[in-house]
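Per-chain numbering from 1; labels A, B, C and D assigned in written order.
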Amino acid sequence: MFNFAMTPLGNLFFGLTLIVFASLLLIKNERRDLPLHILLFASLGVIFYASDLITLFVGWEIMSWSSYFIIAKSARIETLQKYIIFNLAAGFALLGAIVLIVAFAGTTLYGEIDFGKVPEALRVPITLLLFVTIAIKSGIMPFHYWVVDTYEESDHIFSAILSAIISKAGIFLFIVIFSQIIGYRYLHGSLFDILAWLGVITSIVATFKAISQEELKRLLAYSSIAQIGYIVTVLALLEGSGIEAGLYHTIIHTLVKLLLFVNIASIIYITGKTKFSQLGNLLYDYPALFILLLIGIIALAGMPPLGGFNSKFLIYTTLLEKKKALLLVAVMFSSASAFLYCYKLIYGIYLGQASGDKEGYRELPMSFYIPQFIAAIILVLLGILPSLGIALFNPILGSLGFEVSSYSSLFELHTAFASFNGGVLMGLFGLVFALILLLVTSMRSKAVKVRDRYDISYCGETPDPQNNLHYGYGMGQELRRISFIRVILENSTATYWEHISKLSGDSSVMVKKLYSLGTQYIGLFILLFFTILLFLGVR
Amino acid sequence: MPENTQEGFIDQQKVLDNEEYSIKNTQSIIQKAVDWFRARSMFVLAYGTGCGAIEMPPIFTSRYDIERLGVVGVATPRQADILIVSGYCSYKTLKRVIRSYEQMNEPKYVIGLGSCTINGGMYWDSYNTIKKLDEYLPVDMYINGCMPRPEALIEGFVKLQDNIRNAKSEAGYIQYRENNAFYRANQEKIFGKNTTPTFEENFAGMNQ
Amino acid sequence: MFLDSLAMIALAYIFGFLYYGLYRNISARVHGRFGPSLAQSFFDSIKLFLKENSTNFGWMFYAGPIIMMIGAITTLLFIPYLNGSEHLVGLSQYGNLILVLYLMVLEPLGNAMGIGSNGNPFGVMGITRGLTRLIGLELPFYIAAIGLMIANHSADIGVIMTNQSEGYNAFTHPLLFIGAFISFLGFMGKSPFDVVGAPQEVYSGPATEFSGKFFAIALSQSAIFSFAKLLLMVNLFLGGAQSLVELVAKTFVLFLVAVLVGNVYARFTTAQSVEFLVRVPTGIALVGLLFV
Amino acid sequence: MENNDNRLIKIYHGPQHPGITGNMSMELDLLGETIKGARTHVGYLHRGFEKLIERRTIIQAFTIVCRICVPEPDPNEENFARAVEGLAGIEISQRAKYIRVMVLEMARLAAQMLWMGGQSGSIGLGVVGQWSVYDRDLILDLFEELTGGRVYHMYIYPGGVRRELPNGFLEKLAQLLDYLEGRLLAYDSIFFENSTFKKRAIGVGVVNRDEALKNGYVGQVLRGCGIERDVRRDNPYLVYDKLDFEIPTYEGCDVYSRALVRRGEMVESIKILRQVIAQMPSEGAIMQKLPKHRKFKLPKEDIYVATESARGEFGYYMAGDGSEFIRRMQVKGPSLIHGFTLLENLLVDEELSNVALIMNSLGICPPEMER
């Protein structure tokens, strides 16, 4: 009944899952429900290693439901409703697509499906159904409505799983369905152009939304949406190099979000506070956490010399090769705007002046550091050896039937447009850092340490510790003065979905009214129905 | 001490001119070079404490153009080398002036501008202004007059540069560090214990 | 390679400060005064290095100027100085334009780290302004860079530079050049885009707490970095230079235009500058991109 | 304002800040860079003038009144002199009146030049300040020639003016006026017509027209709202009723309107000065005979006099008590109401970038606010 196969693609995703789960399960968490987590883990394994559509679907549903029950422990009922409605829709869409494919192809096994047998007219609806599934799971506009609330309200550690792995199930589905099962030659290109634009618009909107957030986890949730937007954009190019770039970004994003969510979970564990306006100046209390977060946001922003740059580089060069200039402009714009929320994240928590006292802070268990360390080390390693990722993806590309990219050394990331050497870059950074540090410390000028954090240049006045000096909330507020960003910030899909829910509520009331009508009306309706049938039949 | 003049006052100019009492010029070559650079580049924190602020725009703009001498205005005390106390200081202002001065990094110099910083000037009998600035801060250069002309200001700067370059007099910041108790006591006369907050801490850090 | 890189840094340091001295002099002439000596900026930076003490806000405070300096130096080393020369190439064969575009952002981000750690609200406001301005600033520049990369089928700066033998990109792609140039004015921190450290608004912005050697490093890096930016503009749009003399001439012309424009415009607010940058130069550059 | 949940941050804009006009301070509550609350802090410049004057004789007091407002000391001297003359019943000569008008208008011109530097500096347009401070210095040179002082003149004296005009002074003044008139065109192109200045200034710092009258705002704030108020016209003193000049008004109520009003006033000042040069009687005493120093006593009466300074109505209330000391002197400058009521209200929901801009356009002068 259920068929499984070990594929390189499955290996990659399952490997990521393994890293995330193994490191996260080490963290002691009294609220965690272990059986459900194991069920979720197993379901992810089923998805990644399935080799027929029914198995895939079963895995998919188990994944949705097991995460539902995990989220249900902490989330509000509205959030749960949002989650389950959207994920049910995703499941139904997937089921619909599978049924249609199987009905015409006659088999559920990946290898035997010939999409050519599906009539032309049905190909677009099937693609659309799959789009809906992928968009809901990965949170592409306008289907990201459930994502942010769910991320915010689920358990702090589970948010990491949601962002790092479960959102990637949509990416996995994209690659498997479109490149392996259906095959790019049968697909309608313009539909995917629209999807690419949807992806990039998602990332722009989510970036600005992220900047204006006040809650730590909401910022990260929007940032997840934005990053997955890039992946979808580059996958929707339907190219081998696109898959390569998408996979690279998937890896980076998984690691980064693992690091960031666990880091923020640690901060919330220590302080019990969840807002930028309540935190600040934790740098000298938790330097290790700070440096880990710094590594995380450097990778998130895609700055050299860490691994984050490699995937951005691949995305850009892929778009350049396809001459998608406008798409590339939009991607770069979004990624340039992302610096602001990256900085807000690190400033709001670790820098600036403390807002409020530090009483009641808890000791952080060492287990919180492990996932962050693992992620950070891999990110640094990928920065030095950028072609490590390519080495990893080449079997996948080969198994999917794409051209394999070549690389001369692991240090160098080579594309048709350009190449760069990660080892040289990292070496240069280290060398310059060391030299300048030497210069600074050996200088004649003594650095006099300020004992009082409030000894700042404050226009001659003396700041009062009672007054807030932490800019955590204010950062990004000024964006509302810029007209096009204001448009983004003040509109949300919430109103749209609320409208739909109101509409469906109204219609259900109508249906209900229909049922509560008197018998004579029902008779009338039946008469009407048959009359219409008769007319139709005569025609 | 040089001989007193008939009025019983010490002739300050004679003190300055007297080789015996002027500070021995014992700069090493390196120190000479360092002092040359310090004299050549002066970042000024022009604190407009009083009327004197009105003669600041002319010296920084095109008529008198003090940037020729390497004198530039900066906004924050952290980068400044020279604090210009321009005119009388009310008690409230004095506190801010002292705080700005303490936030400056050594070497730092103070220019007192106008008669009010010397002896209270016009406001000798005012209840809210200090009379002698050098009871609270070490003043390296006084420029008298009400208003001092821009030319006088420029001359003050040139003299101060000369003093720094040739190490003619002991810089005020050293006095402030070494005779801190004196200044502190005078400041406390005005502010009570409620003086600038990071006063002690800054000096504690410096001695390390 | 090491000596080569050192020579690049030294040249950039000297030219950067000389240009800054020229900037002060030219501005002074516009103001109707003499201005300081050309070497005044050197004196300032050496004086700052020689200050007896400088205020320090903890170990993270060191990081700000250092990361800024790294940003400036790495940007510089990945841009070749001369067209078709073996010398003064630095590490440019290991990098490309996309990398340089990203390295240029390192400076504000590194700055942000150090300034955040001192807890001065003015500094953070300046940083936020800078990062907000970056949103608008990068857009036209990126569009121009993308246009050039697509037109040349390469993201290698050297290739783009040598491909201009028949005509400078500034003339073959004038719209891209105009767009990039306006955003270049912003990158140089000239009016009307000088919102970051606006003294009348946010005290000194990011530099508020920098003193002594930290400020000296910040000044040096800004000299190196502005020369790197000039170099990038010359390489991308003016066909690079065959010799150092030509390089100086070309960068100086660009610099002069930036100075003169900066002198006669008032400062925008942050929102106004982003809106302006997103409307005008981006529009121009987008039209230019369509021609490519 | 309630700082709920640390959303607002508190910063001080001044006293040691390049964006503040003089030694005062604004305490600002910021949400992002948007101001949610503003409080003016003063006291940095308080010298107790009104107290000091009580223990000085009239002649002694005359030397310190000019220090009340530094950028523009002459309206103080004029107010003081006119109040003493009013109380003591001294009538000054026509020639002295013309000289006083000349000094006042030169001072207005110089003050507007300085304002122009400040206003343009507040938006980073340094070049205008460099030029205008230079041009102001040329006026100060004439002042120096006339009175001996660049900034503080101590020239307008109860009973007239202190010194005769130097030889050829009026010709020099006429030359300077021609020069300044030419310079105004340059300022137009670089400042008043500058597209970036317009973009910054139009629609910023809009004063409510009704409140402007109700709260007693004066000067450019009123005239920038299109309300034609000017002490020189409404309540003429000296020889202003014999001079032909207009009161420029603009309807915008914003920073730009106020800038244009000031520009118009510069033109009018030049016009007035030319008329003064033409009309000034060449003969006549400049100084009335005054009682001896210790016998110069003021009757037990009080008086209010007002002069139109470069920033609006500047009034003195003076009361004598029959002794050689002034019993009470109260200064009413334009800055107090502008700096407190108006500025605190205007800044709410404004950007931080516009604080210096608005403050400069209101013409706030802290020394005169605190005395």
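Keep this in mind: contacts are C-beta pairs under 8 Å (C-beta built on N, C-alpha and C of every residue); 3 or more make two chains touch, one makes a residue touch a chain.
Note that the structure is a prediction, hence the values are computed from the model and not measured.
The chains in contact with chain A and with chain C alike are B, D. Nearest to the common centre of all protein CA atoms is the CA centroid of chain C. No other pair of chains has as many C-beta pairs in contact as A-C. Chain A and chain D have centres, each the mean of its CA atoms, that are 61 Å apart. For the pair chain C and chain D, the distance between mean C-alpha positions equals 43 Å. With centres set at the average Cα position, the gap from chain B to chain D is 31 Å.
Multi-chain contact residues of chain C, defined as those touching 2 or more other chains: 31-33, 50-55, 121-122, 125, 129, 199, 203-204, 208-209, 212, 269-271.
Residue positions 47, 61-63, 75-78, 96, 100, 103, 105, 206 of chain B each touch two or more of the other chains.
Across the assembly, chain A contributes residues 446, 448-450, 454, 457-461, 469-471, 474-476, 478, 481 that each touch 2 or more other chains. Shown here, the protein chains touch in all possible pairs. Those residues of chain C that touch chain D in the complex are listed here as 27, 30-33, 121-122, 125, 129, 191-192, 194-195, 198-203, 263-272. Remark: chain B residues 45, 47-51, 53-55, 57-58, 61-63, 73, 75, 77, 88, 90, 92-93, 96, 100, 122-123, 125-129, 146-147, 149 touch chain D in the complex. The residues of chain D lying in touch with chain B in their complex are 15-18, 22-23, 43-48, 51-52, 55, 63-64, 67, 70-71, 114, 117, 129-131, 133-134, 136-137, 149-152, 367. By the touch criterion stated above, chain A contacts chain B in their complex at residues 446, 448-452, 454-455, 457, 460-462.
Chain B meets chain C in the complex at residues 34, 37-38, 40-41, 43, 61-63, 65, 67-70, 72, 74-76, 78-79, 81, 103, 105-107, 206.
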